[in-house]
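Naming follows writing order (A, B, C, D, E and F), and every chain is counted from residue 1.
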Amino acid sequence: MNAVLAVIRRDLLLAMRRKSEVLTALFFFVIVTSLFPLGIGPEPALLKKIAPGVLWVAALLATMLGLQRMFAADHADGTLEQMVLSPTPLGLLVGGKIAAHWMLSGLPLVLLAPVLGLQFDLDVGALGVLMLALLLGTPLLSLIGAIGAALTLGLRGGGVLLSLLVLPLYVPALIFGAGAVEAHIAGLGAGGHLSLLAALLALAAFFAPWATTAALRIALE
Amino acid sequence: MNAVLAVIRRDLLLAMRRKSEVLTALFFFVIVTSLFPLGIGPEPALLKKIAPGVLWVAALLATMLGLQRMFAADHADGTLEQMVLSPTPLGLLVGGKIAAHWMLSGLPLVLLAPVLGLQFDLDVGALGVLMLALLLGTPLLSLIGAIGAALTLGLRGGGVLLSLLVLPLYVPALIFGAGAVEAHIAGLGAGGHLSLLAALLALAAFFAPWATTAALRIALE
Amino acid sequence: MLSIHGLSCVRGERRLFAGLDFAVGPGEWLHVRGENGAGKTSLLRLLVGLMAPAEGEIRWNGENVRTLGEDYRRHLLFLGHHGAVKEELSALENLQLASQLDGDALADRSALAALHRFGLKGREELPVRFLSAGQKRRVLLARLVTKQAKLWILDEPFTALDVKAVDMLSALIGEHLADGGMAILTSHQAMPIPGGRELQL
Amino acid sequence: MLSIHGLSCVRGERRLFAGLDFAVGPGEWLHVRGENGAGKTSLLRLLVGLMAPAEGEIRWNGENVRTLGEDYRRHLLFLGHHGAVKEELSALENLQLASQLDGDALADRSALAALHRFGLKGREELPVRFLSAGQKRRVLLARLVTKQAKLWILDEPFTALDVKAVDMLSALIGEHLADGGMAILTSHQAMPIPGGRELQL
Amino acid sequence: MNNKLIHWFKYASPQSFYPLAGKMIPWFWGLAAAFGVVGLWLSFFVAPTDAQQGEGYRIIFVHVPASWMSMFIYLVLAAWAGLGLALNTRLSGMMASALAPTGALMAFLALWTGAFWGKPMWGTWWVWDARITSELILFFLYLGFIALQAAIDDPRRADKAGAILALVGVVNVPIIYFSVKWWNTLHQGSSVSVGKSSMAVTMLWGMLFMALCFWMYSIAVALMRVRAIILEREAHTEWVKELNEVKS
Amino acid sequence: MIWNSPAEFFAMGGYALYVWGSFGVCAIALAMEPILVRKRQNQILQSLRRERIADELENEVSEKAHARESGR
């Protein structure tokens, strides 16, 4: 357990040291969402309608950006080998890395989303649902993403290949996440969507570290 | 001149060797555009309205993904040092790398965009304008992106920092590019937007290699 | 005690070695030699379990290391060609984090002592990126002092080290052996450590 | 002829060396020595122009290399700590692309000859990633044969090489010097090349 | 280990499977051709004109088999992949890689024929209907599998990594399907559901025969491809060098 | 028979483009795939044969050398 905390602490420390890293996933999120009004035009009704979808797609892309680096640096400098050789089970350490990734790329989005939602003229209730959906959805993204990151590890064309592998798997999170907000706006109640999201999260929390560990071992052979 | 062709050939060869790389920028484009309807909902009228914006934002993100690797691999393994030490002027070699980047990440998008346009129910004329706008716009994205890639080289948090630097610079391309298609759909004629895009391209073709070279020299010091 | 039985290694379609048998007991060390590409690194990676052998078995005190798992890794320290140091972190942080990964915390005091022993005084807080090739290597080697492991498996530990550091490291390995430790090393140079057997690949 | 006048190097707040003067003429070679972190790599990077000196000047045939630019770089071959080889490409492709970067094409025949000379027969087409540490190094060193440069600047060229390769490389450097070439090398080991001066940092 | 298992493992070795597959291929081609001829005859000359869609509905005779096969092949692929991970047999990975391109092709054909059906029936090449969207995502999953395997050049590693991806995918396919379906029906808009209640019996037979044809075709092509893969991967073994094809 | 003339058959009740566009692409794809697989198989066989010939040549050379050795 100590080792897991050490992994989380280390990843956070590294991110702080690279300074830019903490804030930039966030800025990417902000910039991508801000690009849409520029590309689509300023009509408020239209913007409000597409807001949940745009916010979720942006969140998805923002979490995906950091994925590639999740194991790559550790792989390149040999730390990953040391992790495999550590007495702590690899699955736990991987869990730590996933948690750190979420804290760096998921959590900030959850906290910032309401501000961006305001730009799209969402009301308070919808903002709450948006935050809750992101809170359930972003760990799911990190968990699924970790599998992709491990599978593409050491493959030089990895970054884009990773998105090819991971984005299709993100579809349910996107649909239920954006769906929750839309259902709330339409007055249908977001409960169903949110509980499905939670169920998916539980499923992924169970399987993803296992699959990631298996993929990492293969990458290191 | 020989050396420039060698650089282009080498980058294309490397991409082929990593096999997936050629097709995946393309697939990223396809997948990201396909995500939007999933987030926003299937209403054709709404989708048609946001199509130019979505396609352009996706194109922008797809070109941006490959940017980080533009110089990173060469930097990490010391090839960049050898390029600086080569008797050929660095500016030319950099031009070659930018050209290769465009061929790998811009050109395929231009060719595939019409198919995706069909998914959003755009008509033939709009598809033509879309292709033309992308043909002018994607080299611009590669040129501007190269500056960002060079500036963030060797900064470990580079990937996300890069998007932070580059995306704001992409805004004019986005506005004129998506604007051209929207203007055409609205029956206003796309000529003005397209010629502005062409002017930007000329300007960037002139300055960007120079700025990139300067940034690279700084990164290597 | 580490013992190897009929070990073979295949990389790609190339058989690097086959039917290898040897054992290393307390206080013994093995010098793996061979030309470039002979399979020294591959052998070490097999021994620590980063690669699976094509044939044969690796046993720790008589038990297969595959089944032992953590109980084997706890006694093991492997330093490879790779730096395994984070360029953004300082030498001190690197050392402490490496220990934490093994599940034990390392006090500032002992970490600093280890670094000083390796001649990094005054560079403890500098990001490793700024260190010279040899200094980076020394940061890595400082783990020899901080991790209590019975079996050291070191791939070309003397690379990039200057003469003084080579002597220092040899002395350290000597102490480890005198304490009943075991070591398996590769190196292209002659090794200034008494005793030890050679394995020619 | 390369000559250095009052060269100083500052990294961070550390002054690594100052007021360095020396010259290397045709057929001469210089062995840069010093402990880890003394500034050997920094000196070489200054010489090739990858870093700017804090003080002093570097001249090639009497002219400052900053003003000479390409005319200096054409005569120069620098091989550093880094591999400068692409892991996905084969040894052959790496060698040919490196030549093309310098503006001259390299025929398959001469590239293969260079690789065979460095004992890479049968590995020409394998992605470099699969090669051993020493073999990767040899791919890099093959450039010594294929690029016609007057001044060789090599940072620890003997790292990771086995005994045979070390002899081979020494012979190669000897030939180069006999042809009127110049060389500046760093190494922690004694160098089996006759002649040459030492520079202690 | 009992005898049956040994027997099974014998055929699971590439060496004995290679000639076996060679013997099976002509049979499957024959079956595919026979079913194809009957199916095409039924679909063009026996099945009556549809009351609503006129002759355009005949696309169903390739659309539905392609759609079914694209989904079925993914299941088979994942099964082989799982078997490979569990038992560490080399052949399983080869079968999985051999199936993927055919599956992707089937998914592509389903999309293509669907689009060519949609234009005359719905007036648009594409709608974001649940079934259609999930087929698109299935296509992406195939491409991801192929791209991943292509990016790894050690075949053993490629097999294992591909297997993990296939298994993760197979867990996800139903989730994706239901999520998309729900997404779509919640804010129902434009998608037109096909009136299929009054499907004539001859149409059913036609579809059935065409589906059998596609099925046999897929097996035949996959076997051909697996033979090529076996040769590529085992090129350095003695038994390959002793093959008659190689000697001549 | 439900068609009165070949022309009517090919016209497909006005849906020619769509019906033949679907069936045609399917036919092309299903015909191309085995051809491509066949090509792949032939390529690998070709290189295997070449390798075999090279092996044989090498053996001959070494055998000759051996014969000369023992002859001396």
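Everything below uses one rule, namely that a contact is a pair of C-beta atoms (placed from the backbone, for glycine too) under 8 Å apart; a residue touches a chain by one contact, two chains touch by 3 or more.
None of the values given here were measured: they were computed from a predicted structure.
Shared contact partners of chain B and chain D are absent. Using the mean of the Cα atoms as each chain's centre, the chain most removed from chain E is D.
The geometric centre of chain C is 49 Å away from that of chain E, both derived from CA atoms. Between the Cα centres of chain A and chain B there is a gap of 24 Å. A straight line joining the Cα centres of chain B and chain C is 46 Å long. Annotation for chain C: residues touching 2 or more other chains are 12, 81, 87-88.
Within chain E, the positions touching two or more other chains are listed as 140, 143, 147-148, 151, 154, 180, 183, 187, 235.
Residue positions 18, 73, 155-157, 161, 164, 167-168, 171, 175, 182, 221 of chain A each touch two or more of the other chains. Put simply, chain B touches chain E in their complex at residues 18-20, 23-24, 27, 30-31, 34, 37-38, 41-44, 47, 118-119, 121. Within the complex, the chain E residues that touch chain A are 85, 137, 140-141, 143-144, 147-148, 151-152, 154, 156-157, 160-161, 164-165, 167-169, 171-172, 175-176, 179-180, 182-183, 186-187. The touching residues of chain D, when paired with chain B in their complex, are 48-52, 70, 73-74, 76, 78, 80, 82-89, 93, 97-98, 100-105, 127. Residue ranges of chain B in contact with chain D, taken from their complex: 2-3, 6-7, 9-10, 13-14, 17-18, 73, 76-79, 81-89, 93, 220-221. The residues of chain F lying in touch with chain E in their complex are 1-3, 9, 12-15, 17-19, 21-23, 25-26, 29-30, 33-34, 37-38, 40-41, 44-45, 47-49, 51-52.
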